[in-house]
Amino acid sequence: MIVSDMAMTPRAALLARYRAVRRRTEQLCAPLAVDDYQIQSVPEVSPPKWHLAHTTWFFETFLLRPLLPAYRPFHPRYEYLFNSYYETVGTFYPRAERGHLSRPTVEEVYRYRARVDECLGALVTEAPPDQYRELVFRITLGVNHEQQHQELLLMDVKRNFAASPLRPAYRTTPPAPAPARPAALTWLERPEGVFEVGHAGDGFAFDNETPRHRVLLRPHRLASRAVTNGEYLEFVEAGGYREPRHWLADGWQVCRKEKWEAPLYWEKSGDKWWQMTLAGLRPLADHEPVCHVSFYEADAFARWGGRRLPTEEELEVATAGRPVRGNFVESELLHPAPAGGDGQWFGDVWEWTASPYSPYPGFRPLPGSLGEYNGKFMVNQLVLRGGCCVTPESHMRPTYRNFFYPHDRWPFTGIRLAEDA
Amino acid sequence: MIVSDMAMTPRAALLARYRAVRRRTEQLCAPLAVDDYQIQSVPEVSPPKWHLAHTTWFFETFLLRPLLPAYRPFHPRYEYLFNSYYETVGTFYPRAERGHLSRPTVEEVYRYRARVDECLGALVTEAPPDQYRELVFRITLGVNHEQQHQELLLMDVKRNFAASPLRPAYRTTPPAPAPARPAALTWLERPEGVFEVGHAGDGFAFDNETPRHRVLLRPHRLASRAVTNGEYLEFVEAGGYREPRHWLADGWQVCRKEKWEAPLYWEKSGDKWWQMTLAGLRPLADHEPVCHVSFYEADAFARWGGRRLPTEEELEVATAGRPVRGNFVESELLHPAPAGGDGQWFGDVWEWTASPYSPYPGFRPLPGSLGEYNGKFMVNQLVLRGGCCVTPESHMRPTYRNFFYPHDRWPFTGIRLAEDA
Amino acid sequence: MIVSDMAMTPRAALLARYRAVRRRTEQLCAPLAVDDYQIQSVPEVSPPKWHLAHTTWFFETFLLRPLLPAYRPFHPRYEYLFNSYYETVGTFYPRAERGHLSRPTVEEVYRYRARVDECLGALVTEAPPDQYRELVFRITLGVNHEQQHQELLLMDVKRNFAASPLRPAYRTTPPAPAPARPAALTWLERPEGVFEVGHAGDGFAFDNETPRHRVLLRPHRLASRAVTNGEYLEFVEAGGYREPRHWLADGWQVCRKEKWEAPLYWEKSGDKWWQMTLAGLRPLADHEPVCHVSFYEADAFARWGGRRLPTEEELEVATAGRPVRGNFVESELLHPAPAGGDGQWFGDVWEWTASPYSPYPGFRPLPGSLGEYNGKFMVNQLVLRGGCCVTPESHMRPTYRNFFYPHDRWPFTGIRLAEDA
Amino acid sequence: MIVSDMAMTPRAALLARYRAVRRRTEQLCAPLAVDDYQIQSVPEVSPPKWHLAHTTWFFETFLLRPLLPAYRPFHPRYEYLFNSYYETVGTFYPRAERGHLSRPTVEEVYRYRARVDECLGALVTEAPPDQYRELVFRITLGVNHEQQHQELLLMDVKRNFAASPLRPAYRTTPPAPAPARPAALTWLERPEGVFEVGHAGDGFAFDNETPRHRVLLRPHRLASRAVTNGEYLEFVEAGGYREPRHWLADGWQVCRKEKWEAPLYWEKSGDKWWQMTLAGLRPLADHEPVCHVSFYEADAFARWGGRRLPTEEELEVATAGRPVRGNFVESELLHPAPAGGDGQWFGDVWEWTASPYSPYPGFRPLPGSLGEYNGKFMVNQLVLRGGCCVTPESHMRPTYRNFFYPHDRWPFTGIRLAEDA
């Protein structure tokens, strides 16, 4: 991560940013009943309560413990309970059992948050000048970390609610503003060339976006918007889920084992398709981007149509310099919306790329325990780009690299097509 | 089940009994936070919330739906969500996923209870005389069913809380009254003879306790009290958990696979043994009955000492005619207490028997869906007798047959020794 | 096990008996290719090669090592490789991986057998008179043990061959002699009474058949023959495998999980049923006894017809004193044959009983490692009676207790019905 | 795959090449007992018999059936039994159960081979000129396919034999010729530049090596030989297998779950290390290349030493134009040998790269079923380069891309280090 001119951020601005993000997390929980905070319907999601506590643990562990001399941990076992995966910090409670913890209660977790927020305020106010640069860096990292968990929290609530036969709604949302007419699909061509990708210069970025480096891209074309439900439905109805020849071998195996027949959250009632949303069950809308597909499905869909997925470098070069605008969490739709003609480069759905998540050439993880943040996951996953409708807008940038396993479907994942030129 | 003179129970008394048991369930939940209602730490336990709803479903399904013409189900999906295992009623939500349901909320479940209680009151008041005998029978069955779930609820809360690294207490309890001195172990001898066992005559009993029938017992002796922690600790410290020759082959396999080294809830800290209780961690007390052992451990312990477990008929004959008194849930200890010299025949710990849970000769299950209550479980399990410290006293009788799988350890299970005479 | 008048058996006769049984095992392997000796298609079967070696290990371990001073083990690792489950002898190679051992080769295993046979001959000839009683006992036990493995070998070969898409035949067999007309089903009634069951007196028996003891039987009736394929087919075609109400809960769970739709080895082609036999695929014959059903299926079939399974004591009392004649392995049919009117009490199919496999009252296992032979399996299994078409006739007797898990279907298991009188 | 000037290969030469490779497979089986042909000790290996049959099936399916009009399949079920993974050819026998097939016997499989060889000879002789180019292509592909299975066969035999407590030898082998003194480790530096990689022009290559394309490489250095056992032992003894910080997160999880403590086939006896080889157990030799490590171990070792693994492009550029010489199967060592100073670019051990196995830009799989050969595996695996001591020399070339999952250890896999310049 790089935070330039760190020593220049005023203390009041730093604290305001911290408090705004912390408050935002709690606002996102407002529609939840105490009961909802506890659920872990599948091992890959975490209970909302755990997200609230873990993000707090992050500030306690990486800010308060090392930098605030007078700090006394809120509870001796929280270090163990709310460590996610930092081996160099210590052992941690098994991930798959997070839903088995009724204590601390939701109320206690909020008290934990309040106490850490209070101490963080003291730390920002009192930190000596020679520590200030490090303080800015770590708070900025922690704030970005908490934004990631805001997105995870919404993803996980959706997964939990979709697992319930009652199909409850997280909250009502306004319908997406329908464009006058569907955005036509066009192709953006780029000739061969050497380009620079990766983060450099001012502003925050995660370590996995560095170093900036040169890449050679082949001539190619990128679609001008994401694949829609209507387009994907053709693949479903053409028997795409029953034809191994479209699929990677590992993908086909998962498809059979998990009995996939459509994207996650699609369900058919009679001859009509519905989809589960954060506002409950809604009819499938043709012009919305298809969402909640795995890499395997995205790849099979592209192959079926004679196309391919873009590489992460192709997407980065295409979006470099563009303003980061789109359907993010601030739109409050909490659902992908039909393309409006602006290229749909940001927001709506995370776009699967053909790029395995690997270190950039010359990559160095952060020193110390924070080096575990990103680097140790650089195998077996694929890169996704652009953010989605539950990502905070201020969290996104063209160099941002998200990553998931090829079978993951519960993030808000979609498809942009590419082809060789 | 047999409820004699059913038509004689006054309506007011019937309703009072119903209400007392229903209220008791809710009282048992009073120490729980909303968070605690939701937890299912292992597949064999159910969340407290589910127990509250399922017992209500029982009255709704077997009383209100068939007998109260005006009754409208509280919610269309509850039939599916809160059916435990009645195949002839319909499909049911998977048992292992009961902890994944945050909705209905605890508050809604209490509303469900209140509504069913209200309608049940109306049903008792208004039922025509020719239905009244059936009404008494079904309410009595439902009340006994709810008492079983009161015990399960406490067993399950203990299991959930023991799984937490915080080892929370359900509530504080008074220490067990220590007897002046430990009850000596003596042996009660009985010569060979033909005896009658099983239920007949007045009073309620489950169908699995019938029909009353004659059995031939061999000469034998029964211990005058349950095995204590101190006695069991000798087995542990003699390497009992590392010596396959004491164990049944299936038991040894479980012991190795699960890495058993002591009863469930025992833990060693330094060289001192502790045990998890409903009041939190407490030092292991030598004179308390050993509790939370599987059939395999009970059998291995008996074999190690050159003894055996009693049969269910030996225990029934020994307890027939004795008053049902002991350390039941009403003592509020919620933990087995040292023997006081009365034979410890009831309460404290369920006693594993050597008897597989099989139908009595001539057994006929109840007609209809209620025939699934007991009969379909008559394989692969062992009979336990006598009730325990979390059983309601009014729920117990000498003919009562409880049953669990030989590897189960989360019920309050203990050991009484026997030997051939 | 009891072998009376052991010291009286002449040495030559003892050796002849030993040699006959050993030779018989090898004859049973004659139809096998070297390839066939190696297969373990499911964990519960053992490769034929393993049976050949293990039975030899039994004589080496329990006769040659302790009693023949000059004996040097054939190979230092065979004690580990061919120990089945004797914990007190030492550790053993994992059962589920027996099919992973290509060495020793079949040829080496036959050399192992020859060497042990030779030394056993020397032992019988040279044993001092004061050891002779023990010698007779152990050889008799070993011979009976080898007969059990002869049956297992044929069961396992059938299981292996049935798993092959080629459905190979072990060998051709003559068709069963069809009776002039099917034996009618009649009922043998017995009034209540106290009877003696279990082994006593002259002749060999396993320890689990002792001690002889008195039991009280209720009035009941037993069917005069085993259930036929034709009768069982009615259950299948009436939807018996889709109706949970006929099944024990544990059985229904297995039935669903394993997708059972008929007995093991039945397969439907078009609208015709076939069954796999040791002679390959043959059309299902209506009048043959149904075979290869689990206890769960046997119990469900009986319940569907309003009947029950007999207890092991009812069967023992019914067969006591009857000559042990029937369709055993010596008939060379290797398949159950239609009832001929003699009650079908022995041979054809092992009859599931309603009796859990438990110790008889007063049971004491053999001393030392041989005590592991039977006693440690006395939980979770059910008793079967009467022997089957691949059992050696000389191995059977009315007190014989076989035992399998309720889900096991690969033994030659069938059904005799009973009912209360 | 590209076979240039295909129509120019004389028929006799084509057939001679075919026959030589087919004969070679059978020679590799010469040390096996019939018993050994059958074993599948873990799901990822195949029985030798299956390799013999499957390679034959390949010629039958892709040559004889489509191109020899008079051809009648050898057996109707072999298409199903010996299809590995070609979904578009039809369904196939489950991979994990290949060790459960005793039929066809080894003898029958050799007859199958002979028959197909005979018909292939006829096909080569009689094919009309307009089919000849396609014939050369398919036979060349089939011959390369069979060479891959020669290597798999030796890998799998080693895995099977290592699983046996007897640790049998496949055959005795000469010790590796020890170099006068160990080859020093030096670093070959290369500055940044654009290079071409991938296959083009004359000679055979698989489709996954195409198309040839330009890549931009960063300045880097490559080690002059593979990592040795002695070097790797330092990592082991420094606690490398107990320190999560060296490992990728997925790798650490596998390491813990599988209880890895050293490379596959290493075992410690007292304080001495041994390794299982195709010649049986041998002391671990310090100067031999470390072998049978997973990608996770290779990556952790590199990270521990402050280095990294090379990319596949770095290795290809380094080896381009070098003669393909090294310790291949023809040396008959069947084991990696100490580096001799020639860079060890080929043979000895497959070198893990940091490159996920992805399609080259513009990649097009072969048309039809043969398109399943390589393309559908392009996810979740890593590329390996250079061949090993059980690879046929004529099978290797600088553009060759092998691929395995990151946890795979049973191939002859080793490590070459790299670093940024």
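Lettered A, B, C and D in written order, each chain numbered from 1.
Everything that follows uses one rule, which is that a contact is a pair of C-beta atoms (placed from the backbone, for glycine too) under 8 Å apart; a residue touches a chain by one contact, two chains touch by 3 or more.
All of these numbers come straight from a predicted model, not from anything done at the bench.
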Starting at chain A, fewest touch steps before arriving at chain C: 2
Equivalent interface to B-C, taken from C-D, A-B or A-D so that over half of the residue contact pairs match: A-D
Chain located farthest away, centre of chain A as origin (C-alpha): C
Computed distance of Cα centres, chain D from chain B, in Å: 60
Rounded Å distance, chain C centre to chain D centre (Cα mean): 47
Whole-Å separation of chain centres (CA-atom averages), chain A against chain D: 38
Contacts with two or more other chains, residues of chain D listed in rising order: none
Arrangement of touching chains [line / ring / star / complete / other]: ring
In the complex with chain B, residue positions of chain C that touch it: 85, 87-88, 194, 213-216, 218, 244-245, 247-252, 295-296, 299, 354-356, 358-359, 361-362, 372, 376-380, 406, 420
Partner chain A, residues of chain B touching it in the complex: 33-41, 49, 77, 80-81, 93, 97, 99-107, 160, 163-166, 168
